[in-house]
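Alright, structures below, take your time with them.
In what comes next, chain A is part of two complexes: it sits with chain B in the first one and with chain C in the second one.
Here is the complex of A and B:
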């Protein structure tokens, strides 16, 4: 355990010192800037929903980018600069090495989600207060925003980014170059994201062979549309996402993380560094 | 009872398969050797002769195609074999954004050091490699020689009985190489075993008790350095304040004593020796 956490700590520290937070700050500025910019059009209470979409979109898009790029880059740097050699030449299991790395990256992902989500909460709160003051008749029952949902949103997205990192780790263990690992991982994420298409196609029921193929894809790749819950949270149009469903989605993600890390470790065990 | 050797290699062959068509490179070919404890063993040979590959196989970082390897009697494929070993890889880079002290701390923890002992050892090895002043600077500001020394420090932080160094003086200036040599001798004096690998034969000649010379993956010769060099030993006499008259006298004296002379060579002294002499006067580097 100590070994794993030492690797986690050093991974985290190294990335933070690589100006990770500068990137985060920049992103936060762009996001707040754009929500302020759209403020001038003043489209009433739907503006809040718009800000929320902007924020959740930021987490989805940049989170995915960060998850894939950071994971692939970190592992390959480690192999290229011989650090992996010096770590594995000690009494350290390869599984410990991978777990340590993964936890370090995942921690960074959580920081990312935390920062953007909190910022989103703060911006929503201030804008809603302002709108309440300006156009009270649009808010007959007081505040619209379900701020508690932001927490659930953050949790689910954190788990989702964990799945992305674990998947990238798996593809990285298979690849020989950073570029290859990144491209393959992005394709993997894409497939996961588009799972619902496969699902619909299976239901539409083409040929026997085709639907068997789709079913295998559905089994092997996690279904990311499950994580796309932002429309059911904060400003739900219909029923909000229940607590039970939220936990189930997170459990589903954690399960996939476990499986992917296990597979990555098995491949990495065979690999010559 | 014979002591267990620090390293035992039996009939090691390592082949790399390149590409899909299965083109095979044989990096090490049927190598057997044994490194006795408390000695400095030189694994020598030109670039590409299979030294690094042999070392990686010893450390269980790559799997041998054939053959068996042991460290202090336990197989290289097991984790326990790596408990008493320190390793400096070839041209290490390490993390750019950590300080020297953080790096040593990290490796100490990986090898199971904790608390006071970790603190103690970190300071000790930083001192040993003469990096105390630079310990709290980021590694990205380190020179080549300093990186090599911090690499050595991480290899010995847990006080291992066997230290494996892959080209420790590659790209290091003469002063740095000399410092490295001093540390290696100190390790031996402390009862450790050092496996040293280098393509720079003359640089390690003074250090090694035994050597094995590899070429294209095969071992050409191996044994104690004394024995190997005795076979074609030739003495030389150095005479200071040279002049043609002195030469004449010396040759006549030798001739009178019945000692055959192979040749006379003017020795201008080497630039390296000159540099070292001045540098010692000028104090240590930073």
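Here is the complex of A and C:
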């Protein structure tokens, strides 16, 4: 356990110092913060909803970029610089090495989600306060924003980014180059994100062979659309996401993190470092 | 540890993922249903309509509002140019990228039903291809139904929204000159939750003008007791006066006339 903790700590510090992370974090913050400017282009939704949509989109999009790029780059840097070899020459199991690396990256993902979601919360709070002052008629029942939902949103997205990192780790264990691992991981994320379209196509029913193929796709790839809960939180148009479903979604994510890490460890065990 | 043959290794990976998927899918089904019911997701149709509009960003679940707004700006740009095929394509992309705002659907339907038909007719006029009044009517009808079709699609996302019914009713009334169909939709608007009172009055008036004063009378008499006496928008005195006019028009005997509850 101490070994895993040490690797986690070192990985976290290493990634925090990377320019790429800081650049993406800054970009995400600027993007999220500029929602007040972007709303000049807003036609459809209410002002606060637009700010929230932009902020949640920032977490999802930049988080996905970070999850894939950092994970793939970090593991290959370790292998190419032979630091992985130095670590594994010690009494460190490959599973411990992978787990430590994953936890370090995941911790960073949590920091990312926390920072961007907090900023989003602050922007929403100040803008809503201003609107309450300017147009009190529009807020007969007080504030509209369900600030507590931001926490649930953050937790679900944190777990989602964990699944993305674990999946990238799995593809990285299979790959021989950083670029290949990144491309395959992005394609994997896209398939997982679009998985429900396979469900839709299966229901449309074509040949049995095609349906069977789609069924397999649905089972093999996790359904990332399950994590797209932002419309059901903070400003839900109907019923908000229930706590049971929130825990179920997080449980689903944790299950896949475990499975993908296990598979990554199995493959990494047999590859040359 | 003996290295596993690649084929076995991949077989094992596949099997583990398949089993995990099979077990977790059943378990997570209630949550998935809640997520699906609570928000519009990008489906096969929307992917086709929105292709090339930065769909990649939309796929990640975020930025849908922003992308839809950008697509709407593009729609407006094509609209200014009176480029109807592009306007229609960009409009469909907008509504598929973010079907939540009613604004896109209503404005879009107006563009299709009112503006595009004028552009198409003018195009034919300018090129000297306009040969008959029937051609004009056909174009107007085509575009009117295109607008109605868009509004009916909107109902998948905004069920029983009175604004959509009213918009359809207006197209039937203003372009297709079908007062009874317009009356039908104004009636739907009036009976939908939060339906405005004026929709009910228009429903009855169009029934009367459409040659069905009996139906208008039946509607008014069943509707009147439900009107809120405290709400000025309900316009109870006006409704009562219309009931009296219809009684005269229909020749209803004094003993059978409507009595205020």
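Rule of thumb we're sticking to: the second predicted complex is superposed on the first by the 255 of 273 C-alpha atoms of A that agree within 3 Å, B and C clash if a C-alpha of one lies under 4 Å from a C-alpha of the other, contacts with A are read in each partner's own complex, and residues count from 1 in each chain.
The criterion applied here is as follows: a residue touches a chain if its C-beta (ideal position, glycine included) is under 8 Å from a C-beta of that chain, and two chains touch if they have at least 3 such contacts.
Just so you know, these numbers come straight off a predicted model, no measurement behind them.
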{"item": "Chain B versus chain C as contact partner of A:92, first or second or both or neither", "value": "first"}
{"item": "Which of chain B and chain C A:155 touches, first, second, both or neither", "value": "neither"}
{"item": "First, second, both or neither for A:242, with chain B first and chain C second", "value": "second"}
{"item": "Which superposed partner A:124 touches (first chain B, second chain C, both, neither)", "value": "neither"}
{"item": "First, second, both or neither for A:18, with chain B first and chain C second", "value": "first"}
{"item": "Touched partner set for A:191, first chain B, second chain C, both or neither", "value": "neither"}
{"item": "Partner chain(s) touched by A:255 [first = chain B, second = chain C, both, neither]", "value": "second"}
{"item": "Which of chain B and chain C A:109 touches, first, second, both or neither", "value": "neither"}
{"item": "Touched partner set for A:74, first chain B, second chain C, both or neither", "value": "neither"}
{"item": "Comparison of chain B and chain C by chain A residues contacted", "value": "C"}
{"item": "In the complex with chain A, residue positions of chain C that touch it", "value": "1, 3-4, 9, 12-14, 16-18, 20-22, 24-25, 27-28, 30-32, 34-44, 47, 57, 59-66, 68-70, 72-73, 98, 100-101, 103-104"}
{"item": "Touch list for chain A against partner chain B, complex", "value": "2-3, 6-7, 9-10, 13-14, 17-18, 80-83, 85-93, 272-273"}
{"item": "Chain C partner contacts - residues on chain A that touch it in the complex", "value": "38, 41-45, 49-50, 53-54, 56-61, 64, 190, 193-194, 196-197, 200-201, 216, 218-223, 225-232, 236-239, 241-242, 244-246, 248-249, 251-252, 255-256, 259, 262-263, 266-267, 269-270"}
{"item": "Interface residues, chain B side, partner chain A - complex", "value": "56, 59-63, 79-80, 82-83, 85, 87-98, 102, 106-107, 109-112, 114, 138, 151, 154-155"}
